[in-house]
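Pasting the structures here.
Next come two complexes built around subunit A: one with subunit B, the other with subunit C.
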Partner chain A sequence: MEGIISLTLLVFLALLMPGVVNRTRAVMAGRRGVRFFQHLHNVGTLLQKGAVYSPSAGFIFRAAPAVCLGATFTALLLLPFGTHGALLSFNGDVVLFAYLLALGRAALILAAMETGSSFEGMGAAREALYGALAEPALLLTAGTLALVTGQTSFARIFASAGSLPPQMLIVMGLILYVAIKLIIVETGRIPVDDPRTHLELTMVHEVMVLDYCGADLALLHVAEWLKAAALATLAANAVASAFAFNPLTVLALALAQAAAIGVVESLQARNKLARNATYILTITALAFVVFMLAYVLQQNITIG
Partner chain B sequence: MENFTILHNGSGPVALHSIPCTDYAPFHARVAGRLAAGCHCAHYFAIPGAGDTLIVFAVLLDDTAHTVLVSAASVDPETAVPSLTALYPAMHPFERDIAETTGLRYTDMPWDKPLRLAHDRADRTRTVDNYPFYSIEGEALHEVNVGPIHAGIIEPGAFRFICNGERVLHLEIALGYQHRGVEKLMTATGNRLRQAMLAEAIAGDSSVAHGRAFAAAIEQLGDAPASNAPALERTIALEMERVAMHLADTGALCGDIGYQLGQVACEALRTVTINTTQRWCGNRFGKGLVRPAGTWYPLTPEIVELIRHNMTDVKRRYGEVSANLHATPSVLARFEDCGRLDPAQAASIGAVGMAARASGLARDLRASHPADAYPELGHTPVTEEAGDVMARLNIRCREVAQSIDHILALLHEASDGGTAPPAPDLERPLMPSALAVGLAEGWRGEVCHVALTDATGRIAHYKIKDPSLHNWLALALAVRGEGISDFPICNKSFNLSYCGHDL
Partner chain C sequence: MFAETLLILALLSLAVFAVPLRLKGPFTLAVTGIGALRCLAESIAVLGRGYGQIETLITSPVFGDGYAATDPLSALFMLICSLAVIAVLIYAQGYLRPYLGKKSPAQLSLHYAALSLLYYAMIGVVMCRGAFGFLFMWELMTVSSFVLILFDAERREVRRAAMNYLILMHIGFIFLVAGFVTLRAAELPATFDSLALYFAGHNPLPLFLVFLVGFGMKAGMFPLHVWLPEAHPAAPAHISALMSGVMIKMGVYGILRVALAIGDGLLAVGLVLFVLGIVTGLWGILSAAVQNDLKRLLAYSSIENVGIILLALGIGLAGKAWDNPLLALCGVSGALLHTVNHSFFKGVLFFGAGSVYTATHTTALDSLGGLGRTMPRTAALFLAGTAAICALPPLSGFVSEFLVYFGLLGAVAEPGSGTIAAACGIVFLALIGGLALLAFTKLYGITFSGLPRSKAAAEAREVPVPMIAGAMIPLAGILAVGLAPGLFTGGLFALTGRLLGIEGAPLIYRMAGPDLWKITAAAVVLAGVVGLVCGYKKSLLRKRTVGTGPTWGCGFGAPSPRMQYTGESFAEGLQSLSGRAATGRPQMVGRGEIFAGRHNLDVRHRDRVASLFSAWWVELLRRVNARVMATRTGKVNHYVLYALMFLLLILLLSLTNLI
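Up next, the complex of A and B:
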């Protein structure tokens, strides 16, 4: 029952987040913006459409949207939402979480390669590079949580985080910062990628889904929302667990992350593509510093 | 400078028989000589002559002497002739056009390929399907083809990249997908109004500039009194077109790097500008404003006040946008040192307009061949040295301020009163067997129209050159060595016209 509530809240959050990002951007641009749930209408329209497949695309291309959505959805099952526990939980599920996200990415990369389009090959190469660079940051963050709590399952990590010494709030705050950056990388937002661009040559994620239409595209969009919600919830849980561990705080913190992404997207230009690798490595470096800081705080090592 | 007819901008038509017409060899030598002496080619084309011969005309501009040089040669199309491109790459598009439309062969043409694939081209076996794209062999290299159909609302054009990973080694741009036959349409009708409207449709974003070049050519051929030309209206319209397009391009550049703030601010300012034009003449792009020998839209006190108010506002607000762009590190990181066209390249390919000025080449007809109200404005070209995307953005920022200053100065003059210009004269007969050159510095660069009349005073040949014809090669050179993902901002920083090229 607890797990079902968590899952429902996660899906609810996933449906809200794109609306919050879009609305924040519209407000920052001085516009009214599209209606809040426009993204749901778009996906609804897509679901009613048929699909067209490239002659060079085989079963991987057709299977990828389902694999991607399935893998991301399974990752959601591992996450608690505030005090509501996870549907699935076992020691070491943090590693499964990271690799379910990687599985979704791998499926999409292979599908993009299969279309034989030169654009999509470039996009796949970029996505593979960014994925490989961002993965250590995710694992280090999970590792930090495991270190400070002594647990390796998300459900237990957050359940035991309430009893942490107050200085661990610093660590949790930094985890939140790393997580926002990870969401930007993982879901292809500015400054790493621009989900709104029509310029194929500059795309990363968008170009890989260029050959998809109809229901397939709808599944990929939903997978994207779920992924953003999963990462946002992870960070929100971490912070909330340190001071006010309840579902409402988690939800508020997760939506605040969506708003933060909207603000970044409004006030900053995209990176030059060649600089993205450095940008992502910096996140990994920061995740490592957070890990070391947590270690220092946990061991009560005093300096000087 | 023998064997050239020397004109000043707008100084009148030349009778065809008075243009020196020699054999090709001396023509080749003297054109090459003038190009070596620093002139640049405004137009170079061929028309059928007596019998089976061709007559080639070269229209050269001398920026220092403020003159227009015209010369011609009679060529036998059966004999291959030496090309000018081999000496001056800037002649490449013109000679490709001549070879394509007349079948004239060149002995030493460095890169012979179709230009526009017009329906009535000489060699119908050359098609889009067998376009001779350049290719490089190599295990590490790959080709990326973009277009001819693009995402977004842009016109067709094929871009073939040869890349090493993300780095562009070579870009080839193949245009000629539109087949509009504008030059033919200009001669198919004797209706001056229809011709004027056609001229405005050559490139929709430069309708005032093309309309102005057309009006200049027709007024010279019709020997219209200079006092009838609405100099103030035309200059203000041309500068407003420049302001509007520079604003649009600043916004589009911001859009391409995902910088929302700059994009939405510029879009709003552009709307103010083109809506002002609409209030003035009923069309946001200034269509209908420029007509031969007069205008239907004189500057009334209300219009003067409206333009003054809106342009003053745009100048202040754009100044803020420009300051913001220059103070945003993520924007500077994208634009600076990207898509560099160095001054030597710009000169050798004959770059014109704002792209040339961004590479330190002060080429500007408003200063070198001033007409309308420009002589009294004493226009000084804005130049930048870097030649990168940032330099082209800086040119836009500075030219918007300069253009609005020009507009405000001219409005001041207009509000002093004076006689309103007459309504356009669309019936005036044209001088028979003559040639006239119409020039205008549009926002993109120099626009050159050449009209030739037959013995009855009808327009027999109408040759159009949009500045894009020169500058497409500049884009291809600028992206060399850049990341392929930076191509869109390089492209946008030039913002060249597809339809201006595919006449």
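Up next, the complex of A and C:
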């Protein structure tokens, strides 16, 4: 029952987040912006369309959106939401979480390669590289959480986080910072990638899905929302567990991350593509610094 | 009784020389298959019982004080050898069919006989405990695999790779001999069992390093891996599968045998293995990602996987030294399970590479493409292997890497001496895993997706049934371990606990270990959601128009297959990051003088470690050698002179009291 509530809240959050990002961008630019739930309307329209497939597209291309959505959805089951536990939880489930996201990524990369387009190959190669470079940051952040709380499953990490000493709030705050950067990388936002760009040569995520239309594209959009919500909840749980661990705080913190992404998108230009690798490696370095900081704090507590 | 049966079957398999041409394959499959099934039964029995029996080898005059025994560790390796050899023999029935007319019967017989001998030699390696028997089997393994690599001996690069292999293996062999001689010098019997006695009285690190060089050479450990990317592409695909899947694991077996005998001083040994594992894994995967040849890429990925195994083993042994039983159990179990898993998915992948070669006569990625439509079964098998080697859930690769991660995370969660090392382990394992995803999506994408890049690829046909059937055996392993890991982990932890001498391993596992049945649950959810979404999409599209249109070409209407992304460009981003760490520079060959005619770009990547072997000092040695060889004139009077000079030298030295 607990798990069902978490899942519902996560899906609810996933539906809100793109609206918050868009609205923040509009406000920052002094526009009124589109309807808050415009993205839902867009997906609704897509679901009413037929489909066109390239002659070179095979079964991977057709199955990839479903695999991507399925993998992301399964990853959601591992996450608690505030005090509500996770539907599926076991020691070490943080690893399964990271690798389910990797499964979704692999499905998209292979689907892009199926079309035989050099643009999509380009996007696939970039996505594979960025994913590989971001993987250590994600798992090391999970490691930091494990270090701080002494647990290795999301449900137990966050459940035992309430009793943390106050100085660990610093660590949780930094984890939030790393997590926002990870969301930017994993969901392809500015400054790593620009979802609104019009030039195929500079796209990363968008170019991989160029040949999708209709229901397939709708599924991919939904998968992407779910992924953003999953990563945001992860960090929101971490911070909330250090001071006020209830679903409302988590929801507010997750939406604050969406707003932060909107602010970053309004203020920053996107990176030159060659700089992206450095940007992502910096996140890993940052994650390591956070880990070391947590280690130092942890050791001090036990010694002093 | 067991050893005698195997000996008789091994001798019987040599009768392949007398069998008619068409029946050579089925004959070997039958005879060696029986031997493999016998070993399979034995290994399952030993694994189930938890202990093994001591067998006396009947040819004791040859093997000296050596004897053979099956214990759970040998049984595990016996299991993967036997499964692999059955799959390889079935696959070979299809793969060698085109060669029936091309090769002489004697050549084919030699090939089959060497294949059987390689199998029995590997069984011997894991069974023999005494140095003489062990070294004999080790040498037999090297020689028979040398013969197997030489199958296509007409090609110059094959002969070169085979010689390269033979020489490096013998350098490794010298180190193994040196290791056993050290035991004898300490007045201990030269057997694996006396290692523990030796290590109890001496600093274990020096002798361990000697053995590590010997076994690491076989395992493909950095920087001793240089033979591997040459030998695997040169050998026929089923031989590559056997060599990469199980033969290089004999090196891992040896390292395990030696390392598990160490009591005090395990920490240094563990950390050495850990660091070497990280370097091997990174080097392997960085090199793999830039390769442009199917089999070379797979060969480098074998190096990467050996790196993962060594990393896990190292952190596990260090965990034992740190008195962290969970880390020790997870690390070593992860290493063992990854050894098993790698033999499965690398088998599937090399079989797939062989099928691609059979269908298109090339393994160059730039000539392939679009094979997913013409060879759907091969593609599906290769896809499963790809997903498994990238450690994607819910396949077997994920389970073994999960165990390693779990050990590392557990060590991080209980801050102690190993925390920082464990964090480094997490970072590098994640990086290696992510890069493996890059390398293998490139491999699958360029080979099986898109449009054919050459005429040969466009005309490819699906391969005969035995080549599919052979790959089904390792596929079954991938699925079994991946979907129901809970079935195997209890036994695996019990085995590891016994190997490491940790009391109550199953209890520790039940208390703090991961509940792997939850992975099965996640797999069920995943399959269910994917199925539901697919069904939903199908029902949506039923009433709508589903059309076909060209791939988006940015408005360009006449795209050609040659405009597709290539393997080289796929890895370009990584290459610009890794610099020239693991790659060479493309070279223009055959360029015209004033007006550019047809010219080629040679983009083969050379291993920088391997290029050390063709550096200036090799040339210097060669020149010195040529000078020395000039004294070998073949004239008796010269040789008498040399003898006289030698005697004079001795006389002078003894007069001056130098000797």
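Observations on the structure shown:
In this text, the second predicted complex is superposed on the first by the 300 of 304 C-alpha atoms of A that agree within 3 Å, B and C clash if a C-alpha of one lies under 4 Å from a C-alpha of the other, contacts with A are read in each partner's own complex, and residues count from 1 in each chain.
Rule of thumb we're sticking to: a contact is a pair of C-beta atoms (placed from the backbone, for glycine too) under 8 Å apart; a residue touches a chain by one contact, two chains touch by 3 or more.
Quantities reported herein were computed from a predicted structural model and do not represent experimental measurements.
When the two structures are aligned on the shared chain, A:Met122 is found in touch with subunit B and with subunit C.
In the superposition on chain A, A:Ala274 contacts both subunit B and subunit C. Looking at the shared chain after the overlay, A:Gly19 reaches neither subunit B nor subunit C. Applying the stated contact rule after C-alpha superposition, one finds that A:Glu265 touches subunit B and leaves subunit C untouched. More residues of subunit A are in touch with C than with the other of subunit B and subunit C.
In the superposition on chain A, A:Ala29 contacts subunit B only, with no contact to subunit C.
By the touch criterion stated above, A:Glu200 is placed in contact with subunit B and with subunit C alike. Looking at the shared chain after the overlay, A:Val94 reaches subunit C, while subunit B stays out of its contact range. Legend: residue contacts after superposition of the two complexes on their common chain; A:Leu103 is shown touching subunit C, with no touch to subunit B. Shared-chain residue A:Gly58: touches subunit C; no touch with subunit B. Subunit A residues 118-119, 122, 200, 274 lie at the interface with subunit B in one structure and with subunit C in the other. Against subunit C, the residues of subunit A that register as touching in their complex are 47, 49-60, 63, 65-67, 69-71, 73-74, 77-78, 88-96, 98-100, 102-103, 105-106, 109-110, 112-122, 124-126, 128-129, 131-136, 138-140, 142-143, 146-147, 149-152, 200, 210-211, 214-216, 219, 274, 277, 284, 288, 291, 295, 298-299, 302. Within the complex formed with subunit A, the residues of subunit C that make contact are 369-370, 372-373, 383, 387, 390-393, 398, 401-402, 405-406, 408-410, 412-415, 419-420, 422-423, 426-431, 433-435, 437-438, 441-442, 444-446, 449-451, 512-515, 518-519, 521-522, 525-527, 529-530, 533-534, 537, 540-541, 544-554, 559, 561, 563-565, 569-574, 576-577.
Contacts from subunit A toward subunit B in the complex involve residues 25, 28-31, 118-119, 122, 190-191, 194, 196-202, 265-275. Every residue of subunit B that touches subunit A in the complex is listed here, in rising order: 142-146, 151-152, 166, 254, 256-261, 264, 328, 330-331, 333-334, 338, 483-488.
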